[in-house]
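Shared chain: subunit A. Partners: subunit B in the first complex, subunit C in the second.
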Partner chain A sequence: MSVQRIHAIFEKDLKDLPRNIALLMLPVSNILLALIYSLTVDGEPPIAFLYLIAGATFSMVTSGIMMSMIAEENEKNTMRGLIQSPASLLDIIIGKSLVTGIITAISLMVSLMIVGIEPLMNFRAIIGLILMFLFFLLVGIGIGLFSKSLAATSGYLMPVMFLFGFTPMIATFQLAEDSIIIRTTNTFPIMQAIELYDNNFWMPLGILTAWIIGAALFTFICFRKVMTDD
Partner chain B sequence: MSHFTIDEKIIGSESLPLFTLTINDSQATSIYSDGDLQAELVNTLRRNTNIPIFDLQEGLYMRLSVEDNIAFFLKWFNCKMPLPKILVEFELHTCAKKALDKCSESEIRRVYFAKYFISGYKKMVFQEPIHGVDVITVNNFINMLQKIKDLQIPVLILVSSMEHAVLLGDRVYKLKQDGLQEVEADEGEVEDTSIQSELESPRGPVAANLFKIPARVGDKMILFDPTEIDYIESQDGKTMIMINEESYAMEDTLAEANKKLEVFGFYRCHRSYIVNLQKVREIITWSKNSYSLRISNKVQSTIPLSRSKIQDIQEKLNLK
Partner chain C sequence: MENAIEVKGMQKIFGEHTAINKVSFNVKQGEIFGFLGPSGSGKTTTVKVLTGELKQTVGDVKVLGIDSENFGSSAFKSQVGILSDNSSLYERLTIYDNLKLFCKLYGAPLKQIDVVLREVNLHDERSKIVSTLSKGMKQRVLLAKALIHNPKLVFLDEPTSALDPGNMAHIHRGLQKLNEAGTTIFLTTHNMEEATELCDRVAFLHNGELQELDSPNSLRYKYSTHAFHVETFKGNRLVIDNQPDQADQIRDLIANGEIKAMHTDNPTLGQIFLKVTGKELE
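And now, the complex of A and B:
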C-alpha cells in the first residue's frame, strides 16, 4: 500500500467526477427527492423518512458511485499497466472510497438539511449512519469488482437500492406485522439503524456489524477473484 | 549492462518457430513479421514472461485533460520528473489543457508514449508503436527510444511493416514461419558494401532491393523480391514462382528468368527448375546416384537436382 498512489487516484477521481454527468445525476436526484418532500409536506418528517433519505443516499450515491467508478476502469481497461500487485488494486479502492466518502457526506448533509437534520444530530444516529455507510461502500466495491461494464452496474444497483436503500418503504405495503417479509426486512441495515436510534443499543449494533462483516466477506471474495483472473 | 532473452524455453509453442534472441540495452531491436505471427509472439510473451508489452490497447482517462492524465501517471509510478518537462518532451504542451476525448489520435499516442516512459519498467516491448500516426509523433517516438537507450533499458519493437522495423530498430530481424533472420539495416554499412560490390560483382544489396519479379494473379500484378522466392518451376510450359507451396504465374520463360535471377544466387538445378540457393537446406543423395534439394520453407518442399549439376552446385555452395 502506498500513500502516494492512494493520493494519485484520489486526486484523479476527484477531478474526473465533476466531468462525469452520469455519476453526478445520482447525488442530484437524491437531493431532488428531499426537496420535493420538503415542498409538499409540512411539519416534522417522521424518523423513518429521514432514514429513507439516508438509505437512498447510501445506496445511490455510495454504492452507485463506487461501483460505477470501479466498473468504468474495468470496462475501459484503464487499470491494466497500473496494477502489478494486490496492493496497488487496494490503493485504487481506497483512493476511490475517499472520493465516494466525500461526495456521500456532501449529498447526505444537503438532503438531510433540506428535510430537517436535527433529529439525527446525536451520537447513536451518527454511529448508525457511519455503519450504514461502511456496509453500502463494501457492497459497492464488491459489485464494482465483478461487473465488467458500466451498463451491468446499473442492473446490479437496482436490487441493492430497493432491498437495502428503500427498506422503510416495505412497511408501507400493508403487510401483516408478523409476516415473514416484514420480519426479514426488519433485520436489514436501515431498519436496524432505526432500531439503534429508537430503542436499545447493543443488539442492533451487533446485527449491523454482522451485515458489514458479510459485505466485507463478499468484497473480499470478489477481490480475490479479480486478482486470480489476471 | 541489462538485457533480456527470448529463447526456446519461453516460446515453447507449436505455432511459433523456435529462436533465441537477446535484446540488450545499447541497441533497440525490432522484429518484422506478419500480423498473425506477431499476435502469437505477443501472446506467448504475455503467457510465459512478465515483460511488459505496450500495445496501446489499455484505456486512458478520456474525460480528463492531457495534463491531468500525465500528472496522475507521474504520481502513480512515483516518477520524479517535472510535469512541464514531460509535456514539452512529448510535444504535448500545446494541448495540455485539452480533454483527451477531444485530442487527435497522434496526440493521444504521445500520451501513451509518455505513460510508458514514466512507468519506469526495466524492460520494454512495444507493439506497432507508430502505426497510423503523423510525422511529429514518429519523430517523438524515435527521440523517446534514444532516451530509453540512455537509461539502459533494453527495448524490443514489434512491427508488421519493414519500413518501420528499419526506421526504429538498430538491429532488425525478420520473423517468418521458418525462423528468425537478421536483416542488414545499418545504413552506413550498406553504402560501403554497395560501392564495393559494384566494383567486384553486381550482387549488391542495393540492387537486390530494387529488383522485383512481376507475376500475375488474375488481373493483378504482384511484385516479388527475389529473396522471397523459394524456387521457380516450369509446369506445362508455364513458368511458376513457388513461395511456400503457393504458385504464381510468371511471364518469362525459365531461361529468361534464369538469366535475370542468376545474380541473386539462383541456380538452374534441373531442366525445369531454378532454385534460390539461399533457401537450400539439404542436398539429399538417393541411391542410384540421383539427387534432390530440400528447401527451407514451411512445407519443406523437395525439388529435383540433375545428376550433371551436382558438381556445379557443390562448387557454388563452397562444399568442395
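And now, the complex of A and C:
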C-alpha cells in the first residue's frame, strides 16, 4: 500500500467526478429527495425518517458511486492500466473510497440539514452512521468489482437501495409486528442503527458488525475473483 | 549480453485449446524484437503471459531476471511499460491529467510528462480533453503513457496502427532513440515494413508455435532464391541465377549497356511469412 498512489487515484477521481454527469446525479437526486421529504413533514421529523434519509444517501451515493466508479474502470479497460502500474488493487479501492466518503459526507450533511440534523448529533447516532457507511461502501466495492459494465450496476443498485437503503419504508406496508418479513428486515443494518440510537447498544452494534463482516467477505470474494481471473 | 526475456517451453492451455505450444525464445537486452503473427496465432496470449496478466500452464518465463511468479510485484511493474490493443485512457480528463496520474503511480518526476509528450508530438495538445482526440492522437497518448516511467522494457502492440505516415515516422524515430538509450522493445505488429525497419530480430508465430526467429535480413537471405532480376532497356525481364556459370551473361549485359534495372530476389517479411505458414498476416 502506498500513500502516494492512493493520493494519485484520489486526485484523478476527484477531478473526474464533476465531469461525470451520471455520477453527479446520485448525490443531487438524494438531496432533492430530502427536500421533497421535508415538505411532507411538519415539525420535528421522526427518527426513522432521518434514518431513511441516511439510508437513501448511503445506498444511492456510497454504494452507487463506488460501484459505478469501479464498474466504469472495468468497462472502459482503464482498470487494467491501473493494475499494470505499481498500484495495488487496495490502493485503487482506498483512493476511490476516499472520494466516495467525501461525496457521501457532503450529501448526507446537506440532506440531513434540510430535514433537521440535530437528533443525530450524538455519539450513538454517529457510530451507527459510520457503521452503515462501511457496510454500504463494502457492498458498492464488491458489486463494482464483479460488474463488467456500468449499465449492469443500475440493475444491482436497485435491490441494494430498496432492501437496505429504504428499509424503514417497510412500516408503511402495515404488516404484523411478528410477521417473518418484519422480523427479518428488523435485523437489517439501517434498522439496527435505529435500534442502536433508540434502545440497546451492544446487541445492534454486534449485528451491524456482523453485516459489515458479511459485506467484507463478499468484497473479499469479488476481490479474489478479480485477482485470479484467467 | 544478458537476456531481457527468457521463455523456455512455454505452454498456455485454455480448457481444451492450446493457445501457445512449447514456445522458447530469448530477447536480448537493448534489442527491438518483433513478434509477428496473424490474429489468433497466440501473440496476444504470449504478451499477456510476459506481462503477468496470464499465467503460463507449463514452462519457465523470466522477464528482466524476474520469475513469472513475481510479475505482480512493484519491482517488475516499475520496469515494464505496456501498450496493448485494449489499453485505454480516461476520456473526461485532459492528456496532461491522464499522464500525471501514471507519473504519480510510477513515482516518476512530473517533468517526464513534457519529455514523453514531445516524443509523441503532442506537447501543444496537453490541455485537450481525451474524448476530443482523434484515434491516432489517442494512440500516441497511450504510447506516452507506456513510456512515462522510463521503463527498461516496453511491450508495444501495434503502436502505429492508427497513425498517419508523418506521425508513424515520428514515432519510429522516437522508438529508435529510446532503443539507443538502452530500452528493450518487444513489438507486435502487422506492418512488415515497420518490422523490417525497426526490428533487430523477428519471430513468426503461427497456431501457437514459433516458426522462425532471426534478423529480418537473415530471413530475407535465407528465403531468397539468390537470383538476379534484370530489366533491360529493350523491355526484357531476365532471371539470372547467382551461379559462377552465369557471370558471363551478366558481364555481357553490363558491357553492352543493356541493363535498365537489376536487383536481387530478396522476399519481404510478408512473403516469407506466407511461405512459412501458408497464411497471410491480417
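Note that in this section the second predicted complex is superposed on the first by the 224 of 230 C-alpha atoms of A that agree within 3 Å, B and C clash if a C-alpha of one lies under 4 Å from a C-alpha of the other, contacts with A are read in each partner's own complex, and residues count from 1 in each chain.
Note that a residue touches a chain if its C-beta (ideal position, glycine included) is under 8 Å from a C-beta of that chain, and two chains touch if they have at least 3 such contacts.
Remember, it's a predicted structure, so these values are computed and weren't measured experimentally.
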item	value
Which of subunit B and subunit C A:86 touches, first, second, both or neither	second
First (subunit B), second (subunit C), both or neither touched by A:225	neither
First, second, both or neither for A:183, with subunit B first and subunit C second	neither
Footprint overlap on subunit A, comparing subunit B with subunit C	4-5, 7-9, 11-12, 15-16, 19-20, 76-78, 80-82
Partner subunit A, residues of subunit C touching it in the complex	14, 51, 53-55, 74, 77-78, 82, 84, 86-93, 97, 101-102, 104-107, 145
Subunit B-touching residues of subunit A, taken from the complex the two chains share	2, 4-5, 7-9, 11-12, 15-16, 19-20, 76-82
Residue ranges of subunit B touching subunit A (in the complex, touch as defined)	52, 57-64, 68, 71-72, 75-76, 78, 99, 115, 119
For the subunit A and subunit C complex, residues of the former touching the latter	4-5, 7-9, 11-12, 15-16, 19-20, 76-78, 80-82, 84-87, 230
